[in-house]
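Both complexes shown next keep chain A, but they swap its partner, so chain B is in the first and chain C is in the second.
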Partner chain A sequence: MLQIETSHEEKYALIVLKGEVDASNSVELDEAINGMVEDQNTHMLIDATDLNYISSAGLGVFMSYLEDFQEKSIRFVIFGLNDKVLHVFHILGLDQLIKLKPDKVAALQELYEA
Partner chain B sequence: MKHRLTLYCDKSQLADLRNFLSGVLKDKPISDTTKFEVILAVEEVCANLIIHSHGCNSKDKITLQVQEIDDKLIFEIKDSGKSFNLLEYQAPLLGDVIREKRKGGLGIMLVKKIMDKIEFESNGKDNTCRLIKIMDSK
Partner chain C sequence: MLKIPRLNIGKISLLVAILTWMALLFVDLVRLFGALNQMDSGMAPEISWALEIIFFILVFLFYRDAIQKNEGSNFLELIWKAASTGLIAMGISLLIGGFYYLMGESRLSTDPLLKNLFYHVNFALTTLFLISTTQIWRHLILYQKNKTVIQQWQAFEVILLLSMFFIFFNQNTFDYAFIFGLLFMLIFGVVLSVNLKWIPYLTFKEKWKSLLFLVIILVAISYLFVQLLSYSESSLIMVNLTDNLFLLGLFGFVFVYALFSFLVTLFNLPTSSVFEQKLTEAISFQRLSQSIQPGQNEDQVLDILVDSCMSASYADGAWLELNVEDGTPAIHHQRFISNQQRQEVREKINGLKAFEESLKDSRGQNKEPINGRLMDAAFKSVLINPLVVNKEWIGNLILLKEVKDGFNKEMVGIISTFVGQACISVENYRLLNEAIKNERYKEELQIAKRVQQSLLPSELVHDEHFEIAGFSQAADEVGGDYYDIVQLAAHRFALIIGDVSGKGTSAAFNMSQMKGVFHSLVQLDLEPSEFLIKANVALSKCLERNHFITTTYFNLDTVQRSIKLSRAGHCPTLYFDSSKQNAEFLSVDGMGLGIVRSRMFEKYITDKTFQYQPSDVMVLYTDGIIEAKNKDGVEFGYEKLKKALNEHHHLAALEIKKKIMEKVFDFTGSTHLSDDDYSILVIKFLS
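Our next item is the complex of A and B:
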């Protein structure tokens, strides 16, 4: 079960993920990120505080946008990953490719640092 | 102990698979992180079979059997679809995954990093994939 909430704050776009991302619903995550990219957001935050599980299908969605983010100079930060989910990013070394921060304050700092 | 689960080849079954595995692993002497990893690895193999070998045809099924032998947890996954030998599968490089914007390829990488041993057998009709985790390994 995955719930996705998207919103546009003054300076950034926010996607809140709650539940579990697997092969049955990763397309929903894909659509949410794609929508944010198409809306020409340049600063994007993913709140993963209540994300309890992610399989490769979900990780693959993030990976498939990295090139777009670079080409379009989109700053993208995921925050609030619990230890187990964070561990999955570590196993594949994705923490080296995607900015991961413990909380929203740190994520916003990362988003707006020079 | 021996636990068995039959899954229909529908992606909605993956959540049921995770629930089943959580129950089976509940009292095993491994850390919560290892349980999480092992559930992920078994799901990756099953998702692969459901999607790629069976084209999400919910009339097809795969069976999972979990056994504990000595210090090993053995997950045996059987199906009769197009055989997929993950031992022969060359996982893509992360750089290629990014460049080609491909959404797949990471699952098998995870399975190989998480499990201690992987075995595969096929007689051309029935395929068996065995994932082995040694309980004190991590």
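Our next item is the complex of A and C:
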């Protein structure tokens, strides 16, 4: 089960993920991110506090946007990953490409730091 | 072997009946001869009566057998049989009458013996006619029988049997008992004669024919009855065979039933078309509900649909349009209407308010038939029935009539039933086709499974310095896990394990590309990091944007006892160090193949080299093992894997692999993992 809530805050777009991302619902995640990119958002936050599991298909979704983010200078931060999910990002090496922060405060800081 | 021929009751009873009749004739003639010559022939009338009863019973048996054999014949044939028997009996009797008329006052015409012979012939024919007709009536009465009717008929047969013997009691006199008996039989006959359920099933034409036959029967029976009465007044007949309660009772019954049938058939004539219509509708319905046979197609069902609906509503024109939404509907089964007329009518339909509204509901869940009026010269009423198959609106059936308000409620009802049934037939047909298609896909997948399994090495090469055991299982028919080992030189091996993101068919295709890349690059005898960099370039060109592959590549030297590995985002290798007697995960930085598809990838890849000791164990695996969940949703995880190796490191590679898998299955509580592909490769180093 995956629940996705998207909202536009004043200075950034927020996507809240709850549950599990697997092959069956990774398309929903893709649609959510794609929607944010098409809405010309330049600052994106992903709240993964309640994300319990992510499969390789879900990781593939994040991965596929890395180039887009770079080209369009979109700043993109995921925060609140639990240890297990963080480990998955780490093993794959995605932590070297995506900014991962423990909480929202750190994430926002990262977003507007540079 | 002696064969006992099966007794044919019909033939035997017929034969014996003829013999009995001849005996009866002989007895009566002897008696008459004696009387004429003033001699006592010693022939008591009881002998004649007894023979008569035997004759009755035998004829009865013969006809019952004959009618039963013709169980399949229709009502009209049966009535014709009765009528023709009546005609023959009447005809022969008339011939005899004609013979006497021609003889005039000649000597032959007054010969009592000849007259007696003819009397017996008439008696026999009358009996045959009455009994055969009774048997036919029985068949008609018992059509759509119930228990009560059967019981009534059985009682009637008993009464008939008793009436045969009545003659012994009243000694052939016409007394009150006789009248009472006759009256009783008549009343019983009337009660039975209300069973006329066969009549509605005759078509209009058949009804006319049966009326004719029934008239013939009524005429024949009246004639024979009058003739019989004339005999009873004749003085020449010594023993009157025909003033018999049985025969008179039959006369009454056969006449009453024929009369009832005649009248009911006559009064059924005007409504028979309605009944026929209902019957046609039932048959149409049945044809529509029959599932479409292989080799047939939907078109045939729709063809039947249009025909059935037209006949049910007496429509003057019709057509069927499919795929209306596409703008250019395909017109099927256009009936009694020209293309130009159809287009004119179609435009007028578009103008109907109800139709406009129904178009809004394009999905078709709540579409209702539309019964509308048209301002058209040729057609004044229209009925539009939507065809909805599998909750999807596929088209319209349009019926037209020349008269205003031509479709009444009953017609609309029956037509929507027809349409509904036809749609179900089409739906079933489509489902069946889909099932067949799915079955074929399944077979294809089975082939893919066999092909893919052959992509994994059936034998893992190794030398005397290490053991190796592997195992892989896909979640679906095919999967994206891969492992392989290749001997580069004596004592030097290249080892790989990989996992394609996602699972199923797409993963399987990428896995086969992975294998191709491995077998090409391995020949270059590259350093692990170089291998991964080149593999990343190659795979980046064929992987979809959101797909990647994780892998770990090893170079193994069994002489120098060295392992050099590089990790591309794959699960960390579990390594049991025999000197420390402890298993640990090897930490090497890395990045999955296809994630960074540029030269930037190189900076994420590192090599790691170390020496191994005999008794060290290396376990390679894919994330399917780590993420295997038990029924509470808890993952097997890294710690349990480590613990399993610590417990079983002393075993041979094959045994270690088995034990680890047992642990995993014990944990998940099943003998297979269904969520993801999973693979494991165990290498145990020897001295």
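Throughout what follows, the second predicted complex is superposed on the first by the 114 of 114 C-alpha atoms of A that agree within 3 Å, B and C clash if a C-alpha of one lies under 4 Å from a C-alpha of the other, contacts with A are read in each partner's own complex, and residues count from 1 in each chain.
What we mean here is this: contacts are C-beta pairs under 8 Å (C-beta built on N, C-alpha and C of every residue); 3 or more make two chains touch, one makes a residue touch a chain.
What you are looking at is a predicted structure, and each value in this text was computed from that prediction instead of being measured.
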*chain C versus chain B, contacts on chain A by residue*: B
*If you stack the two complexes on chain A, which partner ends up touching A:83: first (chain B), second (chain C), both, or neither?*
first
*Looking at the overlay, does A:91 come into contact with chain B only (first), chain C only (second), both, or neither?*
both
*Looking at the overlay, what does A:1 touch: chain B (first), chain C (second), both, or neither?*
first
*Given the touch rule stated above, what does A:23 touch, chain B (first), chain C (second), both, or neither?*
both
*Tell me which partner A:56 touches in the superposition: chain B (first), chain C (second), both or neither.*
both
*asked:* Per the definitions at the top, what is the overlap between the chain A residues touching chain B and those touching chain C?
replied: 22-23, 26, 30, 53, 55-57, 59-61, 63-64, 66, 84, 91-94, 97
_Touching residues of chain C toward chain A in the complex: what are they?_
499, 501-504, 545-548, 550, 568-572, 589-592, 595-596, 604, 623, 627, 635, 675-676
*Which positions of chain A touch chain C when the two form their complex?*
22-23, 26, 30, 53, 55-57, 59-61, 63-64, 66, 84, 91-94, 96-97
_Using the touch definition from the top, list the residues of chain A that touch chain B in their complex._
1, 20, 22-24, 26, 30, 53, 55-57, 59-61, 63-68, 83-84, 87-88, 91-94, 97
*Once bound in the complex, which stretches of chain B touch chain A?*
11-12, 14-15, 18, 32-33, 36-37, 40, 43-44, 47, 50-51, 94, 97-99, 101-107, 109-110, 113-114
